[in-house]
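We just call them A, B, C and D in the order they show up, numbering each chain from 1.
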Amino acid sequence: MIYFDSDYMAGAHPDVMQHLVETNLEQTVGYGCDQYTEHAIQLIREACGTPHAQVSLLVGGTQTNATIIDGILARHEGVLAAESAHINVHEAGAIEATGHKILILPQHEGKVWAEEVENYINEFYRDETFLHMVAPGMLYISFPTEYGTIYTLNELEALSQVCREAQIPLYIDGARLGYGLAADGGDVTLKDIARLADVFYIGGTKMGTLMGEAVVVTNPNLLKNITPLTKQHGALLAKGRLLGVQFEALFTNDLYMQIGRYAVELAMELKEEFIARGYEPVVDSPTNQQFFRLPNVLIDRLRQHASFELWGPQGETHSIVRFVTSWSTTYNDINQLVNLI
Amino acid sequence: MIYFDSDYMAGAHPDVMQHLVETNLEQTVGYGCDQYTEHAIQLIREACGTPHAQVSLLVGGTQTNATIIDGILARHEGVLAAESAHINVHEAGAIEATGHKILILPQHEGKVWAEEVENYINEFYRDETFLHMVAPGMLYISFPTEYGTIYTLNELEALSQVCREAQIPLYIDGARLGYGLAADGGDVTLKDIARLADVFYIGGTKMGTLMGEAVVVTNPNLLKNITPLTKQHGALLAKGRLLGVQFEALFTNDLYMQIGRYAVELAMELKEEFIARGYEPVVDSPTNQQFFRLPNVLIDRLRQHASFELWGPQGETHSIVRFVTSWSTTYNDINQLVNLI
Amino acid sequence: MIYFDSDYMAGAHPDVMQHLVETNLEQTVGYGCDQYTEHAIQLIREACGTPHAQVSLLVGGTQTNATIIDGILARHEGVLAAESAHINVHEAGAIEATGHKILILPQHEGKVWAEEVENYINEFYRDETFLHMVAPGMLYISFPTEYGTIYTLNELEALSQVCREAQIPLYIDGARLGYGLAADGGDVTLKDIARLADVFYIGGTKMGTLMGEAVVVTNPNLLKNITPLTKQHGALLAKGRLLGVQFEALFTNDLYMQIGRYAVELAMELKEEFIARGYEPVVDSPTNQQFFRLPNVLIDRLRQHASFELWGPQGETHSIVRFVTSWSTTYNDINQLVNLI
Amino acid sequence: MIYFDSDYMAGAHPDVMQHLVETNLEQTVGYGCDQYTEHAIQLIREACGTPHAQVSLLVGGTQTNATIIDGILARHEGVLAAESAHINVHEAGAIEATGHKILILPQHEGKVWAEEVENYINEFYRDETFLHMVAPGMLYISFPTEYGTIYTLNELEALSQVCREAQIPLYIDGARLGYGLAADGGDVTLKDIARLADVFYIGGTKMGTLMGEAVVVTNPNLLKNITPLTKQHGALLAKGRLLGVQFEALFTNDLYMQIGRYAVELAMELKEEFIARGYEPVVDSPTNQQFFRLPNVLIDRLRQHASFELWGPQGETHSIVRFVTSWSTTYNDINQLVNLI
């Protein structure tokens, strides 16, 4: 069986695993107060070009989103997000469980438009009944999006500007950040992300760690009490140094970006091969997620040898499927899949 | 100034006020354990044709919705509702504040379609990732809707059937129930509501009481602990007998339905007069709320003498406005308004 | 039957009811944006000596506590309160339902000691694991307390000072504020309350209104968004002017304090009569609540003619009972009760 | 530096790490639907003697407690727990953040007494105002407790019986379960735990895994929807097989119990050495946590070479400290510590 379900089908990238093994028996203090975590934070600050950013290492993506959004919003506020946003679809209501509404924006291949964000905010305050409605308190975007698409630098600049004018923070969910920064034809760098967002996270789980997400807060007025908040949300790892060790590996020798580039390269190969066989992608994704609408009979046949996700419910004759590459995908995996078509 | 903002612009209907005054100095136990409340509950059960229904009197609409929905849903479930539902728009996130997502259905002049409810549920369980999504745990509808429209008996039967097949409760928000039951051309009775819903509430505030909403639970497996839930949600009135006294008045001598019929009659008059002057209603509402798209210049002029709501943010040249009648509106009020056009 | 269960056994004080009746048919805008509410707010500001205080009228006590506490605390913070505090015992978990822990302080006849508050905060920050614990984010006290006792001015000054040094707000639950200000031998005025608290509420329900509590925020940095918060908590009355009308009556001609003094006078009479018959009060309350430990046989006999609460579960031979007076209690009621002993 | 802070100072037990390494590059489906997890679940069921128990692997302890407690309680219910319970002290309000009150019981060296649980429940329902109070909806105990003490089999039987008579579930937090089962002089087995609890968890983090806690639900009516609940609480690991792999190792060749016995042996050694030097333990713990009240000067001196926790805030001349052993502690570590005294 070959696996294209997602980018978390294997354990850790060998370099990450190696570092875990070599530090395994060492004893350190817990909860991320150790030297490995401290060093990892330094490396992340350097990579982001933000020497004073507050960096925290949390365990998983859903809890990271819940911790950040719950920590930032006032009780009467909600978070603006695309209808297709992970927090709106695939986190089992984790945001609402913290008491906050997701204020839905139209999605355009997974992206939101700065103009529509601006309009939403303007219309909100022009509504005479706005005090009875949930106020937009922050903007959530994902980079890359749930459809594998990315924002251009111009688009990000525009979103950031809209948020700053409206005085609401911009939060970027970077569960797959490395694949977005390595996107085919992309023009956004990690430093751009750090400059334009108020808070974002650098995903580890989908980029080669066993688990772990690095939250970077660049706006010093946000999330001053992130440690108890993280604990309250169950996102503070007892053996916190494990996250430090893994992010130290990811941010040494450019490994994070290498992983991104490698997986994107494979995804581009996969896309071309599907196109060459007459299957047009559903969205033109330049990153490691590729979406195709395939006949159900082909899907059934492929599934005998390959594992991948249906995207949404099965259609009557055709369904949308997703193929995801990662550091653990091989050219051989791609070839095998393509040969099955 | 004449008031068409809503149906809560005056105090209580004179009969209700009279009953409050005549019982004012009497002493009773608190929290709704008094004889007036007991009698009111009996009258409501009779009117609904449900001798065993569990009836509770709560203070206001938003807290009633939050108490019922929070009390029914399991933690991983959400509530299906029209995009235009009061709980989704004008309750300041009260449902999400209890931890639950509102699962949005398309609205058709404020109504949801049974077929679309059914499809939503079916597609949900056919999605391979449904365990990561918020499960539909109940259906919320309003009768009449936020646009003043009503469901026909057939439509209600269909919705009820879909819910029962899916084994999720149907909850009807009856903030303006009396106006819906008295709708021009409507065919739904209070007994139908009681038969088809699992739980609903009979609005008092908008139907002539100072405050108060009567929750009727006909499904005996729901909301077994409604008293502590009501207390927790701040909806248990210390002087609970005030709600009993008022609902006793409303359900004596058919007052509740009389109020409904009177206000609807005035609203139909208002609608005809607007139509006669060339203004078509935005939706064809058969109840006490009427919506028109008017030129901003006319709105500005009307507002010098009449108070009413803009429906949504102001448009560039025209805006949608709402006129609402109630037991406290007079024919004279209608005439004055019409003469201003 | 004579009623001593609580101070909410009758409707509204006649002056309050009179004002409701005379304004009943008038139409005004809703949600507290009317002239009556505006005037009531002015009267309250004057009575408090705080011309710039933010005053809001909410419906009931439990929701007022939940709204204020939830609105003030950061997500990782809890509220310090006496073990016997109403929010800790008799609000069905309304505070926890907003996500916040109640941090329990010892109670001394219902009161907390400034020294113990200070110690709690100091010890908290001296605990090396404090980031894993719920931080004290505000102090809740009730005046008078749940045992009818009151703080002296010195005690209140000390509590206020501790809070200001620790930079946490002091919140005073004044459900029975008027009875506390009129306490036998008390030295605290409404202006003291307003000067020493950051936020407090002036109870209406237990002081002669049908319902309604007036929240006074004197610290301008707290609760800036109280309107949507109030709506979210279901505490925003549609017919908001009803609260304005009632508080206008309460704060006209010193009615609020008159009610307080009258009920306290009756309570002192009741206390003396009990003492004269050999029953010592459980706590020496100078306000309208009186607690006695009585033999169960006497309780059973009294209950044939009088209604009152057991305080806590029934004991084996004796139980603690509470007698409460209010504006609606008469000297005749007291005499009848006393004659039954 | 030698580490006695807690039982999570090193990485994974070598056998666990070995299994992670050898399976690292293998690809499997995510979220715990893999073969390793399935096998681990089988092994756990066998060890518990409960072939039909529902077993789930979650990431960390705080989120496990929050997920289980939130999933079991009705909205108006709270959880009974000792004042010293981890959920009441060191989880940053995670339980309250789900909306539930912790109902505090007296602690006796960390334990609750069956008689006091029974009394609490009886008194609750005998209080005439109980509908205004938070109902006891389940009992939480930890085994071993936060003070390292354990319940005897008789005590556990009594607690279980009280819960079953009251029809509330018994939940056992087994963060350190293996150390409790291996306690010096203990008479409780894993099968006893499974028989007497309705739900419990077998801690991995403190017993040799990188992270991970195995929830065992033996009462088939509880927690039917644990997967979406787990996701909502951020406790569903994307690379779920990592938990399966680790618990497979723990439950192979009796490793889990071996780890428990080894650490307890070291702790008994440490205790004896302290006693031999004149330091009496604060509680007589038969497990891997040992508490001593030491002079601050000694503490300062020890801290130059050894890392350990102050238990609570520092005292004026003496403070309570905790020493914890684990699989990663060596006899040499003990000797070094003892020699420092």
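Quick note on the criterion: contacts are C-beta pairs under 8 Å (C-beta built on N, C-alpha and C of every residue); 3 or more make two chains touch, one makes a residue touch a chain.
In this text the structure is predicted, and so the values were computed from the model without any measurement.
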Next on the checklist: Using only Cα atoms to place each chain's centre, name the chain farthest from chain C.
Outcome noted: A
Checklist outcome for this item: CA centroids of chain C and chain D: separation to the nearest Å works out as 41
Checklist outcome for this item: Distance in whole angstrom between the CA centres of chain B and chain C is 33
Checklist outcome for this item: The positions of chain C in contact with two or more other chains are 75-76, 91-93, 97-99, 131-134, 228-229, 231-232, 236
Checklist entry - Looking only at which chains touch which, which shape fits best: line, ring, star, complete or other? => result complete
Next on the checklist: Which stretch or stretches of chain A touch chain C in the complex?
Outcome noted: 70-71, 74-76, 98-99, 131-135, 225, 227-229, 231-232, 236
Checklist outcome for this item: Contacts from chain C onto chain D in the complex sit at residues 75-76, 78, 89-93, 96-102, 104, 123, 126-129, 131-134, 309-310, 312-314
Checklist entry - Which positions of chain D touch chain A when the two form their complex? => result 1-3, 5-6, 8-12, 14, 17, 20-21, 23-30, 59-64, 66, 91-94, 97-98, 205-206, 210-211, 228-229, 231-239, 242, 307, 328
